[in-house]
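Common to both upcoming complexes is subunit A, partnered first by subunit B, then by subunit C.
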Partner chain A sequence: MTRVTTTWTADALAALAAEGATGALSGERGIVYLKAGRVVHVESAFAPDLGALLTRSGAVPPDGWWEAVDRGGTQHRVGHRLVDSGRLAAGALEVCHLGALFDAAYFVLAHDTRAQRFRPGAVHWLGAVRSVPVDVVVRESGRRRALLDRIWPDPAVDTLPLTRVPGTGSAALPARRSRILTQVDGVRTAAQIASALACRTYHTLVELRRLAADGLVRTAVPTAPVPPPGPEPPGVVWDDPDTALLRRLRDALEAL
Partner chain B sequence: MANLETSLKECLGSIDGATAVALVDYTSGMALGTLGGGKDFNLEVAAAGNTDVVRSKLRTMEHLGLKDEIEDILITLNTQYHMIRLLKGRGGNGLFLYLVLDASRANLAMARHQLRRIEGDLEV
Partner chain C sequence: MPGIDESLLEAMRLPGARGASLVDWISGLALGAVGEAPGGDWEATAAETAELGRHVAESGSLAAGGPGGGGAEPGKEPPVEDLIATTGDAYHLLRFVSTPFDSTVFLHLWLDRNDGNLALARIRLAEMADRLVLG
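The block that comes next holds the complex of A and B.
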């Protein structure tokens, strides 16, 4: 059974943590997996996942990763498989996993997005690697948002395709920033750039905001005008013509 | 193979004079793991503060045009050593180990040597 929620993701998580809940909370920008009220995994389309980080960096060969997914996925033990097969030290897996968890959590939690539904009992195929208290994840996401906004207060840089500002050079940039600048092509988003460089998303966001602050990079499409502020009524109905189809599709996939 | 917790335990257990250790992400200043310290020594605060030390040194090197990498930073107090070791490796990018040592009991060369070995379990 699923529970549909319309509260802010952070508030919904706090309530689930207090209950010691296990399951998956879907938000507008990703999914937070809980076990006994603690965060065990977060995924967001805006941040490359652990598999992308490990395989693109060359730390784990792609077939090694997929072998672990094939053999460990159904038992939710992909992480254990990677360590047991000797492909990765347990500590290295934990460090990478925590990195990916907090990177994805920034997108899910830092901008006040709404939680959409909670699936009790849902478990991620990666399996348990590390768990973090909900309040630590929420606090860290807010702190990262503040750090990024201090560099350049435009969150659109985090999610929209980025382009180089014509007529600007890249002379005298530090190595990491100039490597990231070369990936800005008018099409790719921060997540795609992070994935291409096998670089942690938050590190990429920091450099991209600096490039934006320096006037070298801007979003490729004009940022949509901000809607006038005002509290949304609780229980807002999402006016999306595809919702019913998406739900059927999702239910069919879950039933597999 | 050691996980994060056992690696941190090993730092305190096998390095003479070690009293506290933290694994810190220096882009965000967040401690991914801490051990030791106690109530008179807040490791979270130390992690965040030493992040500024690392960033400042990296920025200075950028300004100087040095292409080299920082292996470690040593801060010598009257009674303590604070050692910051930057993790290498593809996944360790942006992380450092912060180790607090009691100056009267520590052997710096040995501490460096042992940290290098323990780091191996945390690097991708």
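The block that comes next holds the complex of A and C.
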């Protein structure tokens, strides 16, 4: 049975945690997997997953990763398989997994988006590595958002293509920030830069906001185009459709 | 092979250990914690020590090295290995952990100044940091 919900993702998670639920909660920006009311895995298209972080960094060769997926996937033991086969230390798996979990959770939870459906009993093929209480994940996502705003309060840096500010150098930057700056090319967004470098996206956002605060990086396109004069009342923005509503509408039509 | 909790529990077996945690120094998140939290709140401690660790990890002056520099492992990130803060009754030892994938973490050990042995703790924490990610 699939349960369709229309509540905020954080509220839906809190209710599922109170029930001690096991399954997958889909939101507009990703999926949260629960086991006995605790978060065991989070996926988001905005954040590289564990496989991307491990293979693109060279920590695990792609062959080794896919061997673990082939052999461990059906039993939901991919993580354990990586450790048992000696490809990854147990602590390394936990550190990388938690890094990916909180990274994806930031995109699912930091902005108020609606939960769409809950699939009870759904289990992720990676298998349990470490679990985290729902309230910790929700609180951390809010804290991360506040941290970004303290560095440089312009959320457009997180989503729009970025460009280097002409005439600025990159002398004396810390290694991570300097590496991220070299990927800013006027076309790519923060998530694409994170993917190219096999870095967690939130940690890339932190560096990009610091670069923006230092005047080295800005968004490549104007963030607020001047609306043409017309009968439209000011303040109405049409370029961000309510995808939850559209999906509910689609589901209702399909059910006819 | 030790996971995060086993590594922290091992750190707590050092003489004078009061609390140990694994902290992400960019986000300020505690990935794990055992024992007492300095100040009573692990989340607040992690956020504060992360800020301290980040400044040191990103410091151009500290990373510059001496003549003929580069150290034993040139190019290693972060270039700083550990950080020690001493108070009237305690030591705080922050040991950066190098991983072959993107992570930005350190082990934080809170050590009683009377019962603890800083030199021993420094050596052991370095070994624990290696075992955590290399097995």
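Quick note on the criterion: the second predicted complex is superposed on the first by the 219 of 256 C-alpha atoms of A that agree within 3 Å, B and C clash if a C-alpha of one lies under 4 Å from a C-alpha of the other, contacts with A are read in each partner's own complex, and residues count from 1 in each chain.
Operating definition for what follows: a contact is a pair of C-beta atoms (placed from the backbone, for glycine too) under 8 Å apart; a residue touches a chain by one contact, two chains touch by 3 or more.
The model shown is predicted, which means the values in this text are computed figures rather than measured ones.
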{"item": "Simultaneous placement of subunit C and subunit B on subunit A, clash or fit", "value": "clash"}
{"item": "A:C96 touches, of subunit B and subunit C: first, second, both or neither?", "value": "both"}
{"item": "First (subunit B), second (subunit C), both or neither touched by A:V187", "value": "neither"}
{"item": "First (subunit B), second (subunit C), both or neither touched by A:A146", "value": "neither"}
{"item": "Touching partner for A:A36 - first (subunit B), second (subunit C), both, neither", "value": "neither"}
{"item": "Subunit A residues contacted in one complex by subunit B, in the other by subunit C", "value": "53-54, 57-59, 83, 89-92, 94-96, 98-99, 102, 130, 140, 143-144, 147, 174-175, 198-200, 202-203, 206"}
{"item": "Parts of subunit A lying in touch with subunit B, wherever the complex brings them together", "value": "53-54, 57-59, 83, 88-92, 94-96, 98-99, 102, 130, 140, 143-144, 147, 174-175, 198-200, 202-203, 206"}
{"item": "In the complex, subunit C residues that touch subunit A", "value": "1-4, 6-7, 22, 24, 26-29, 31, 43, 47, 57-58, 60, 77-78, 97, 99-105, 131-135"}
{"item": "Complex contacts: residues of subunit A adjacent to subunit C", "value": "53-54, 57-59, 83, 86, 89-96, 98-99, 102, 130, 139-140, 143-144, 147, 172, 174-177, 197-200, 202-203, 206"}
{"item": "Complex contacts: residues of subunit B adjacent to subunit A", "value": "1-4, 6-7, 23, 25, 27-30, 32, 62, 67, 89-95, 120-124"}
